[in-house]
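Note that the chains are named A, B, C and D in the order they appear, and that numbering of residues resets to 1 at the start of each chain.
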Amino acid sequence: MNINVAILGSTGYTGAELIRLIDNHPHFNITHLGAHSQAGKKVSDILPGIASHLGDKTLAKADAPLADDIALVFAALPHGAAAQSVKTALDANKRVIDLSADFRHQNTNTYQAAYDIEHPYPDMLTDTTYGLSEWARHKVRQARWVANPGCYPTSVLLPLIPLLQADVLSNHSIIIDSKSGTSGAGRSLKTDLLYCEINEGLTAYGLPKHRHVWEMEEWAKIFGKQSIHIRFVPHILPMNRGMLSTLHLTGKNTETWHKLLSQAYANEPFVRVLPAGQLPTTKAVAGSNRCDIGIQLLNEHEAVVVSCIDNLLKGASGQALQNANIMFGFEETLGLSAHAQWP
Amino acid sequence: MNINVAILGSTGYTGAELIRLIDNHPHFNITHLGAHSQAGKKVSDILPGIASHLGDKTLAKADAPLADDIALVFAALPHGAAAQSVKTALDANKRVIDLSADFRHQNTNTYQAAYDIEHPYPDMLTDTTYGLSEWARHKVRQARWVANPGCYPTSVLLPLIPLLQADVLSNHSIIIDSKSGTSGAGRSLKTDLLYCEINEGLTAYGLPKHRHVWEMEEWAKIFGKQSIHIRFVPHILPMNRGMLSTLHLTGKNTETWHKLLSQAYANEPFVRVLPAGQLPTTKAVAGSNRCDIGIQLLNEHEAVVVSCIDNLLKGASGQALQNANIMFGFEETLGLSAHAQWP
Amino acid sequence: MNINVAILGSTGYTGAELIRLIDNHPHFNITHLGAHSQAGKKVSDILPGIASHLGDKTLAKADAPLADDIALVFAALPHGAAAQSVKTALDANKRVIDLSADFRHQNTNTYQAAYDIEHPYPDMLTDTTYGLSEWARHKVRQARWVANPGCYPTSVLLPLIPLLQADVLSNHSIIIDSKSGTSGAGRSLKTDLLYCEINEGLTAYGLPKHRHVWEMEEWAKIFGKQSIHIRFVPHILPMNRGMLSTLHLTGKNTETWHKLLSQAYANEPFVRVLPAGQLPTTKAVAGSNRCDIGIQLLNEHEAVVVSCIDNLLKGASGQALQNANIMFGFEETLGLSAHAQWP
Amino acid sequence: MNINVAILGSTGYTGAELIRLIDNHPHFNITHLGAHSQAGKKVSDILPGIASHLGDKTLAKADAPLADDIALVFAALPHGAAAQSVKTALDANKRVIDLSADFRHQNTNTYQAAYDIEHPYPDMLTDTTYGLSEWARHKVRQARWVANPGCYPTSVLLPLIPLLQADVLSNHSIIIDSKSGTSGAGRSLKTDLLYCEINEGLTAYGLPKHRHVWEMEEWAKIFGKQSIHIRFVPHILPMNRGMLSTLHLTGKNTETWHKLLSQAYANEPFVRVLPAGQLPTTKAVAGSNRCDIGIQLLNEHEAVVVSCIDNLLKGASGQALQNANIMFGFEETLGLSAHAQWP
């Protein structure tokens, strides 16, 4: 079975990762690679890591029409720009996995508060499917399009949802301290992102309220059945990939939390709950589509939960392929490594 | 004026940094370099960065007697081993800056809880001087020996003390998430510290209660006049130097906090409080003896305070020299750079 | 088709990479994971990146017998130790890919000169197959065991062979300056390999004659039909993976060299010759089984040729799987990515 | 004694390093900090590592007049732009250390070949002083302005000159393979210099003839009395600082070379020749103004010489201060560390 695929916005880091993953997938077949400012250039001029059979192709313009035989579109475009491309693809009867934030909110106001722009298709938001794969399989299977979750929300919601569902958290003291590899900031030309500025350095950013907090709070409520307020501080680190979220949690019955998490994910190929008291490392998930979760109790009211993902895989392109597998009825793990690339 | 100095435990990272700093100091003169397993070897065989005039010296044995003309001893020894060396040096009428944890506690029980060993000289603990320079100048000036603070406690106490003194914090919700460069783990031969295991990775460790938490709580009470409970999670990062502590704080009158911090450190050469809402980076203090502090209000009850130090300078050897300057009546900044080495 | 596979020496970096690759391969099935000092422990305790279905297995002892249904053994053991394990596996009618140096030489004296130990089975050396896949397919297809090439030799021989075959090089002025990521030094516990010693540093090593030079010279002669003398200086770099060899070459008709290289590898999925004057980067091959080659002419007698591989893939475990694919008649690229993981 | 100093082009990496060094110097006093596009901003907004007493100053415009009491100007400007500023400062009777390439050539044609621009003051070139401190002290002492050497030429000329003077090299087979930390590429906004593009990667560049080769060849001839042809390949590495040059040399009497180098630099505080057969590491010179040189004989005709510097110190700002010390009659080492910052 061979399904033709287009990737829009293929020259950023999530785009590059989509090409690698999808081209190694046995059933998806990349036939269209779109770009913006780089359109017209050879793929390998912009992404030298792409081998010749795709590297020699020419990048299509952003508004180039998609061939009829393309069944699936991955949109790895900036928020704001993505919505129109998604709409156009849907109108042409493609299915879409959208890696942007444009359809991650059901509520237009929330989207606008977070991104400070008006949404061009607010009516579509109510129909969106938020593709946190482990909690949204049934919807993804039916969906015409899926909003792929943000990296921080993925790393936060996976450990949080089972605890929210069990109603063991004090909803007003959820403090999350996240650390991201630099690829999370994208391939944009800023002095702050130069090698010598990032290397051997560390900083917090995104305060007072990072855009992803709205996304976390909205989906925590939907999946976890709890209205919560999250205090969130993200940091940027001198490493390419990897994201670690430290959840400083308060609540009740902490002695049950490890079991709640373990049971929730017992059969998940891409979520691993470590033995109680063992803490995860991002190295163990780098290059893998896995999320590792560790928990350390402090006392009966307090615990630290730590989650690790590869921000470009489970945090972006990997989960996107996981969702595509679900959508097309393939084995969910197809083309995705559960093992890390070590070291 | 020329003061002869011995460095004990000179082959670790804090030892190497002491050599660099003290040899560049106009009044201190290194005449003794002690080591343990490396004794008998040439300094530059173990520390190739040390230039020939000191690099060609031979490392003395740990128990080698100190010459009479040595007036000051820096002890950069492991906890447990340090106490005896400090005692011996004091008995020989030297003054001592001890970089270990052996005299950082006034309370023997606390020391034993944190380090799980018995203290050989518990009576000395009550006389110890805790050398958090900005808050202990008067005592350091008179002291025969100074316990140099730990790196995490330095990064945490500097931002906390002014807020504790003003009684604006909820004492039972002090959550601190710290991140340290790998040199903080010392020069010890462990698989976990190999380049390929640390590089491109990130992990939390030291739970449920890192040894430095006892130290923070004890001195927060003494300097800040508040009994507090700290929830503390440290992380280790792929960079050589640098430490960032993110303090997730709750309390009252947050709108006054920036002013409280600014006023407390207005005249300090080595503490810089950034404009409100601006967050520090470890790069800006790497190679410097400075601590940078930033604060971002979230609302009237909540704020994030971030502090940055170079763990080997303000967090260890730099503060040690600062204390030696105070002890001997030199200008406090002598031989210490307030500027970072960038990049 | 399902072939059961054993990996011996599975806890080092090449072992970890073999597990990742082979477990993602559609036809190979790992049923035995051997170790030395770590035998008896859970796989994921030593390799936390391995997901649960294999991570939960127990590491077998080095001398544990291999089950009858195992058809293929990958030996990722230190030189010296490997020979015996290879012999035992062959005697039990398994096929073997040996990643050590024990069977890379046809000449016992050369082996002993390079490794300074006596070979336990010198008679076997004459029968060995040196698995530089692009130049040894016919032999590998028939072989009962294959000696997988070293990383430096792979990066050097691939660009060198076509030029040697065309007889355009001055054989006595082949100067090669190679740079390797730190994983090339293995997972061994040495102070020199600690994170803080490698990070932000760079050094040359392995002089006057690195072990791999004998291997290069021996196979240059066999594949290239030229007796050559190589001046070789390797360096170790602060990055996990990646190897770049800079060949400073002298000879004749340099204007033909790009064509010689391009033609030699025109149909190779894992060797890419860049347009003339374009230089490769290791990033473009990281996570890929590719070797990228660039050439820049200086004048009619001199040229610089640069080759890049991922030392753990085309330089070790990737080429091992490529050889296994050839051996068992699978598509040579099966389970191997030609695309890099970027960034 | 207090000498007022201006730094022009103070916001790049060499500028930042000049500020740190000069402000820690006991006799030089920074009173003017110039910039181009950043003029008008606060120093610490562009260089957050600069402490408040200088960080709070405003960056002056590039063409702002220099106060009368300024005696010395450090020009850390791009080539092309520097010449005019140097001329203006000289006309105002300042002394100048120029870190650009604008006065590094005595021959206008060579300058134009290397930089592809016309020199505005070709007549000045004949009077220039090339400040390779160890070989130019007498001239620097008298000079009104000094052209500070490039980083690659410094790392290459220091090991090369004594061998050229002794006439032991085959002049037509000098092959040099250099590796530079990324700060060598400056603080310019290019995709290639983004953290994620540099980190975990390695590439060669600057072929066929890097600009610095002309400089090396010109001064090798003047200091070494030999016309030589250099084959030079530079590489860029994932580390902030550090430069290592591997000289693959051929000649005669290699057994004398170690002695030639050792004697040449026996009394130099900033050049260390390691014991024969020992190879240097850039870590041992990071943060130091030293150049370390190692030599390994291969046979009587061939040897490998390796040199290491910190490209921003001995390769730029450190040597600039060394030259300023010489110029003003201070101890040459004043304000410069011979020890590395380790790690």
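Following the convention adopted for this analysis, contacts are C-beta pairs under 8 Å (C-beta built on N, C-alpha and C of every residue); 3 or more make two chains touch, one makes a residue touch a chain.
All values reported here derive from a predicted model rather than from experimental measurement.
**Student:** When the contacting C-beta pairs are counted for A-B and for B-D, which pair yields the higher total?
**Tutor:** A-B
**Student:** Counting only C-alpha atoms to place each centre, which chain is farthest from chain C?
**Tutor:** Computed centres place B farthest from chain C.
**Student:** Go ahead and note the Å separation of the Cα centroids belonging to chain B and chain C.
**Tutor:** 45
**Student:** Distance-wise, how many Å sit between the C-alpha centres of chain A and chain B, to the nearest whole number?
**Tutor:** The mean C-alpha positions of chain A and chain B differ by 39 Å.
**Student:** I'd like the Å distance between the centres of chain B and chain D, where a centre is the mean of that chain's Cα atoms.
**Tutor:** 35
**Student:** Using the touch rule from the top of the page, what residues of chain A touch 2 or more other chains?
**Tutor:** 13, 183, 196-197, 199-200, 238-241, 280-281, 283, 286, 343
**Student:** Can you name the residues of chain D that touch chain A in the complex?
**Tutor:** Spelled out, the residues of chain D in touch with chain A are 13, 182-183, 187, 189-191, 193-200, 238-240.
**Student:** So in the complex, which bits of chain C are touching chain D?
**Tutor:** 173, 175, 177, 179, 181, 196-197, 199-205, 207-209, 231, 233, 235, 237-242, 244, 246, 248, 277, 279-283, 286, 294, 296-298, 302, 304, 306, 308, 343
**Student:** Okay, in this complex, where on chain B does chain D touch?
**Tutor:** 13, 16-17, 19-20, 23-24, 47-54, 183, 200, 240-241, 269, 272, 280-281, 283-288, 290, 337-343
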